[in-house]
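There are two complexes below, and they share subunit A, which is joined by subunit B in the first and by subunit C in the second.
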Partner chain A sequence: MSDAAATLTHDRQRLELSALSAPAVVFTVAMIAFPVIYTVWLGFQSFSSTGKQSYVGLANYARLVSDHEFWHGLWVTIALYVLSLALQLVLGVWLALVLFHAKRLPGIVRSLFISPFMMPPVVAGMMWLVILDPSLGAANYILQSLGLPPSEWLASPTWVIPTVALIDTWQWTPYVALIVLGGLQSLPPSVYEAAQIDGASPFKTFQRITLPLLLPTIVTAAILRSVDLLRFFDIIYITTQGGPGNASNTLNIYGFRVGFEFFNIGYASALMLTLTAIVFGAVLACNRLRGAVAW
Partner chain B sequence: MNARMFAARVALPALAVFAVCSDGRAADFDWKKFQGKTVTFLANNNPVAQALLAYKDDFEKQTGMTLKVDGYQEQQMRQRLVTVMNAHSDEVDVFMTLPSREGEQFAAAGWYADLSAMAKNDVAKEYDPAGLSQALLKAATFGGKLTSMPMNIEGPIFYYRTDIFKKCGIEQPKTIKDVQAAAEKIKACDSSVTPFVSRGLKPAIAYTFSNMLHNIGGSYVAGGKSNLCSAKGKEALDTYSRLLRDFGPPGVVNYSFQQISALYRSGRAAMSFESSNELRTVMDGGARLKDTALIPFPAGEAGQVPTVIGWGMAVSSHSKQPDAAWYFVQWATSPAVQKKMALQGIAPPRPSVASDPEYRKWIDEEPVRKEWQAALDVLATKGSSEVGYPIVANPESREFIGQAVQDLILKQKTVDQACADADKALDALIAQK
Partner chain C sequence: MMDAPTTDRWIRRLNLLQLVLAGIIIMTPTVWMVLSSLKPSFEVTAYPPTLVFTPTLDNYVELTKTTPFLSYALNSLIVTIGSTALGLLFGIPAAFTVSWTRISWPAILTLAARMAPGTLFLLPWYVMFRQIGMIGSYTALILSHAVITLPIVIWVLLPSFDGIPRSVFEAAQVDGCSVTRILWRIALPLVASGIAVSAILAFVFSWNYFLFALVLSNGDSKTLIAAAFNFIGEGSTQWGALMAAATLIALPPLVLAALVQRWLVSGLTLGAVKG
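What follows is the complex of A and B.
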């Protein structure tokens, strides 16, 4: 076949492939683009309590700046994000190491370790709501049995963020562990053999070999959890609805209430687009970090 | 306008109209008129809807229509409704609504079809629209338009443990001050129980707090301004929050009906101020059946002004078949269906059903049911449907009431600060109209 004929065949194949995949591409773009564009449009509108709509330009975004509840929500969102992510990464790596080294652990025990993240968040929220009830829950019963003072858990403005972070950590640490476990299993054994020959202690081996080699995997887990944590909603809504007071009122909860309880869809859209921008920012930052630690 | 004034000014003339009109048209009425049509019902998956939908097949058999049920939990139902109505979609024909909460708002948005004409002109002989609670019909009337038909009657009532009261030498409370005194005595007499429990969860507080405010003689609005910082308003805020802070369970700021009923049913609360709808839950298992008494919330300086509300069935203004939708509403709020629901513990919004022999027999089976019905009778005759501010942004107003109460329970503000902050935010909401 001549070069010209080969190029023609190649071009034709590309055209056919493009034509065949076009419907799927159009559908996917439409499914993603339409809601985003519609939300952007809504962010420029004002809806009265009765649903009457008017164009207000950037007024919704200007309102954000002076809205105390927005800044409080942002603080709560970031506090929950940082606390939960730190706990999940540390405990996730630890759990992965346990599962990696405990080769004889029965399958059922391994399944139990990773079962929390298979539970729907609403169910997890309901379960913890009952356990942490200050009067009827098991948590305070256990504390008091050990001679410790009871806690108000989710009902305390001081403790609600750490408590919600603990619930999320309980649910999602196994997910992080599973990702890290995959990373551990792909590490080259030769490096460990060399370290063993050189007489490195287990701690030094972890510090100098395992952790640096695992960093790209850990950052990947951090990216996945970041997206979820910044738009954390279900467990908070089930357990506290943003309370007590506004102590756990994240941006997501605040936006939901503004939109669907107070029917101000325009301002809620502005809030949610701002949150989306924050999520994108966090993901971009993590991606850069991932590039920096790649090996 | 209270229920009695309403009865004199509006209900009696309406009764006459209904009586004249409905008899005239009853002969033409045909339940099979819309045979073959499908009506979509957006339902709140609560005990009221569950009791109703147990008879879904009866409706389909009686009318030849198909009933498509779109059921969600309460908040998700509203979320779906907002989406559907904002899109002017005809996906929903009939939806459940709480006129005391969203009535002003939905009516102003034009989401309700006006049922006035249908309730007069297109009714079966046995329907008896005038037999429905006039107070609830009034609560569902906005700008002269009847927006929904009542499905049930409910309100917060006072549950208390007769055995603990006897042990501690306490009489049945007659006033709010008696409730406070009883809580003090129980705290000293039996430290194993929570003396008093009611709603402390921010969005849920207005339901019970409104009863306290009205009993004390306060009002939400005076002269077009928020009135929480009035002497009565501050007294209500102080009394309600102090009862929960000093005598309530730990973590009461997260308490709504589920937690309250669980605490009381388990025997760990001596007094509970919670919805009449919770009777079945509270009595579940039978442990509280013999040691509980029920009364409307004790009187304040203004006497007893209990909160009374009810779920209603509304026809969507975007429905393409409002007449067929009305048939479903009519069937669901008919005396026969409401009697069946009443036998499942759904308090009927019809006095005729409440006095039906079969229902009376069910009521008479347990003393606690008799007290429950007696309390509901007081709610029906003396009740006010004002839960939160009587403004379009009623749901949002409940947030600020709840915030003020929570600030006091958590000792984050003084009464003066809490009411002033709430009044400032609520004045802005009132001004929005």
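What follows is the complex of A and C.
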């Protein structure tokens, strides 16, 4: 083949590769990149009730700093995030260890374990709404049969965040467990054998050997959960819409309501860009952490 | 002191006990939902709750009679299948190109989009789609849900394409095969199972997605998930019908997930964990 012919095939190849990725690239630019840039622009605008828009500079961001609802939403978001993540990581590691020692898992058991996080969060919200009903729900019946006082659950401003965290933990702990299980299965068996020969107790083995080796996988699970937890929406919107009062008004719920219930698109854009920055900040921080615990 | 085999057996039993306990906690709410959907209407709200009852399909009949459940279901199917098809159509060649060229920014951009809160896109989409009169159209819903399906397809397929030895492609190139032909004739059959998994995952997550349809659909194009809110609103004592709706909405993703449970974890973590 002559040089000219080789260049021709090479050019042709590049053209073909560009053509193959073009639909996805065009779609990504049109539906993701451009809208995000548009949101940045919207964040500098104000829309009056008649739909007239005007440039207001950083006014939306200045409003954000002095908006009690924003700081409250940030607090709710972080409280829900920390509580849910802690519960899911601890229970997920426990469940992964149980699954790991069970050796062989029939497909049907695995299907049952993945069923919570494969069902729509909206359905999870609907079913827990019925179970946790303060007057007729099964949860309070169980509490009372055990001699415990009934709870208002989602209807209580004090308990709504822990309750939502519990629902999300029910739904996503098996997911964390499956990720951690993957990490456990990839650990070299030789380290356990060495520990056994040294006469280490199962607890010591876990604390000194398994847990440190597992940390990178646990941080990976934490990243994947952080992304979902910081933008918590579905379950809250279905069960409480941010209530009672504003007790479960996360930033995502607040931003949504500002945008689509009060139609303050400019301020909602500023809120959503702030939340996005928080999500990406958390992901980057976790990624740093993963680098630190890698082995 | 117990001898080693006995201790071993006890540890195993203790482990099995924990496994059963976890299984019960995981399954009980779902079982309760299905049971409630099969209870006669006067028994759903009985207190104390009953466990023994004559099962009936009345709630399901009631649901289809008093709500446009079936047309919502049809809307959900159209949007889900449409967005899954679009995700595959755009995602398969994109994943192949990323794997071939090692130019990964398109893949990373779609992943970043998957991490951002949905409302971030929904605000500009709403303004844009309203301007061109597309609110409530299937096109707007399918396009928005493709933002969910595209990264799933790309990130599930990337490792599959990466797994094909380069020599296979090089041999085909020497034989004069074009890139498109290599993708179509050689690579696609080799990643068929990956495509099946990505299609099912894309379907499940598109079906389950709530936020976009909440704003972009209208009375005629409302999806089941977006309509779930209406079922709750229509009287808090209609628990039987509510649980029947919940059961039916959860059924398609659960059945599909059960089919691919073995390959699911690596797909769900979008390549973050090699499963």
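One rule holds in what follows: the second predicted complex is superposed on the first by the 258 of 295 C-alpha atoms of A that agree within 3 Å, B and C clash if a C-alpha of one lies under 4 Å from a C-alpha of the other, contacts with A are read in each partner's own complex, and residues count from 1 in each chain.
Everything that follows uses one rule, which is that a residue touches a chain if its C-beta (ideal position, glycine included) is under 8 Å from a C-beta of that chain, and two chains touch if they have at least 3 such contacts.
These figures come from a predicted structure and were not determined experimentally.
On the superposed subunit A, the positions of subunit B and subunit C overlap enough to count as a clash. After overlaying the two complexes on the shared chain, residue contacts for A:135 are found with subunit B and with subunit C alike.
When both complexes are overlaid on chain A, the residue A:229 reaches neither subunit B nor subunit C.
Looking at the shared chain after the overlay, A:48 reaches subunit B, while subunit C stays out of its contact range.
Of the two partner chains placed by the overlay, only subunit B lies in contact with A:240; subunit C stays clear of it. Once the two complexes are overlaid on the shared chain, A:261 sits against subunit B while remaining clear of subunit C.
When the two complexes are overlaid on their common chain A, residue A:153 makes contact with subunit B while staying clear of subunit C. Between subunit B and subunit C, C contacts the larger number of subunit A residues.
Once the two complexes are overlaid on the shared chain, A:275 sits against subunit C while remaining clear of subunit B. With the shared chain A as the reference for superposition, subunit B clashes with subunit C in the stretch 129-137, and the other listed options (129-137, 165-173, 183-191 or 255-263) are free of clashes.
On subunit A, the patch touched by subunit B and the patch touched by subunit C overlap at residues 135-136, 260, 265. Across the complex, subunit C is touched by residues 12-13, 16-17, 19-21, 23-25, 27-28, 31-36, 38-39, 42, 94-95, 98-99, 101-102, 107, 109-116, 118-124, 126-131, 135-136, 138, 141, 170, 174-175, 178-179, 181-183, 186, 217, 220, 223-224, 227, 230-231, 233-234, 237-238, 252, 255-256, 259-260, 265, 268-269, 272-273, 275-276, 279-280, 283 of subunit A. Interface residues of subunit C facing subunit A in the complex, by the touch rule stated above, are 11-12, 15-16, 18-19, 22-23, 25-27, 29-30, 32-33, 36, 45, 47-49, 89-91, 93-94, 96-98, 100-101, 106, 109-110, 112-128, 143-144, 146-147, 150, 154, 178-180, 183, 204, 207-208, 210-211, 214-215, 225, 228-229, 231-232, 239, 242-243, 245-246, 249-250, 253-254, 257-258, 261-262, 264-266, 268-269, 272-275. Of all residues in subunit B, only 75, 78-79, 82, 85-86, 105, 108-111, 194, 201-203, 249-254, 259, 262-263, 266, 268, 392-393, 395-396, 399, 403, 406-407, 410, 412, 432 touch subunit A in the complex they form. Put simply, subunit A touches subunit B in their complex at residues 48-52, 133-136, 150, 152-157, 239-246, 257, 260-263, 265.
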